[in-house]
Amino acid sequence: MPTYHIEMMEGRTVEQKKKLVEEITRVSVEILGGSPESVDILITDVKRENWATGGKLWLERTS
Amino acid sequence: MPTYHIEMMEGRTVEQKKKLVEEITRVSVEILGGSPESVDILITDVKRENWATGGKLWLERTS
Amino acid sequence: MPTYHIEMMEGRTVEQKKKLVEEITRVSVEILGGSPESVDILITDVKRENWATGGKLWLERTS
Amino acid sequence: MPTYHIEMMEGRTVEQKKKLVEEITRVSVEILGGSPESVDILITDVKRENWATGGKLWLERTS
Amino acid sequence: MPTYHIEMMEGRTVEQKKKLVEEITRVSVEILGGSPESVDILITDVKRENWATGGKLWLERTS
Amino acid sequence: MPTYHIEMMEGRTVEQKKKLVEEITRVSVEILGGSPESVDILITDVKRENWATGGKLWLERTS
């Protein structure tokens, strides 16, 4: 029943997401117990204009 | 003042969203009290490549 | 599979929460479809010192 | 290390976001301490069909 | 109508929270427009055993 | 820079949390790239009276 929310910079491939949710579910079941079906994972792809660190949008930091 | 966040698989119509926020607001006021204007509801449409259950993206589960 | 997060001011009874999750699940299934078992609801009880509207904590607004 | 999530109606310019994250980071460091680099801010642009107040989507309220 | 969620390490005083919500509301209205009453801010006090950076809980990092 | 939020039923030990954040950070860096220091993980311990599935609080489901 654990629920994971992952915020990551946009641009990751479906292939990366597939591997990530597979591995996180495996690790979660191993450490917390429960069945794989009880693990929910939601991903948010964040645009560079919507994430800031140190007072600067990543749009600016990386351009 | 209660604030609701609803994450649902993308594809719902505006008509469904209209009914849902109307009903949830009604139910909320009825049970928790307060005025309808104090109820905020935010919906997130989640893509099938961004939601996983049981270690598999819904993109894979339903294709 | 819709997931609801509800933030409300602390102080609601378990009885109110029981009714609320029952009603929201019913409304959700009715309007969005799916089975009741696919509806998850998570409640956060927020302290008055942790919620502000109009630049003032509710701790101050209501005292 | 504080992390800010800001949900706002869609339509704000990158220029407004730049100023907002700069000011919030400044204010955060001033009041809570820590370095600017430890402040993360994530913005969500919410569509008018995905935000409701008083049981009505903002799509309907403002049209 | 913008809604702010702030996650910070536990231990801040009510006085710090008062100043923070006052300043963030001021900055928000100044840059995004709208009335102060439309700004909601929710704070989450996070325990050191519930926040990790670099694979280590802050409980371990700072002890 | 990915940020993970994990909601789990209360009752897990600090030892379990330590292992979980270590493993998730490892998996995240392996699949998404970036440095371990860029991975933030926040855990929320949810009470049984605050999580419902199928319209019933877990408080009721398990008692």
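The letters A, B, C, D, E and F name the chains in turn, as written, and every chain counts its residues from 1.
Throughout what follows, contacts are C-beta pairs under 8 Å (C-beta built on N, C-alpha and C of every residue); 3 or more make two chains touch, one makes a residue touch a chain.
Listed by chain with UniProt protein names: A, B, C, D, E, F = Tautomerase.
Note that the structure is a prediction, hence the values are computed from the model and not measured.
Common neighbours of subunit D (Tautomerase) and subunit F (Tautomerase), listed by label, are A, E.
Subunit A (Tautomerase) and subunit F (Tautomerase) have Cα centroids separated by 12 Å. If you average the CA atoms of subunit A (Tautomerase) and of subunit D (Tautomerase), the two centres end up 20 Å from each other.
Touching two or more other chains at once are residues 3, 7, 24, 40, 42, 51, 53 of subunit C (Tautomerase).
Taken as a contact graph, the chains fit none of the simple arrangements: neither line, ring, star nor complete graph. Touching pairs of chains, sorted by label, consist of A-B, A-C, A-D, A-F, B-C, B-D, B-E, C-E, C-F, D-E, D-F, E-F. Within the complex formed with subunit B (Tautomerase), the subunit C (Tautomerase) residues making contact are 1-9, 12, 16, 19-20, 23-24, 27-28, 30-32, 51, 53. Of all residues in subunit A (Tautomerase), those touching subunit C (Tautomerase) in their complex are 3, 40, 42. Touching subunit C (Tautomerase) in their complex are the following residues of subunit E (Tautomerase): 14, 17-18, 21-22, 24-26, 35-37, 39-45.
Those residues of subunit C (Tautomerase) lying in contact with subunit E (Tautomerase) across their complex are 7, 46, 49-57, 59-60.
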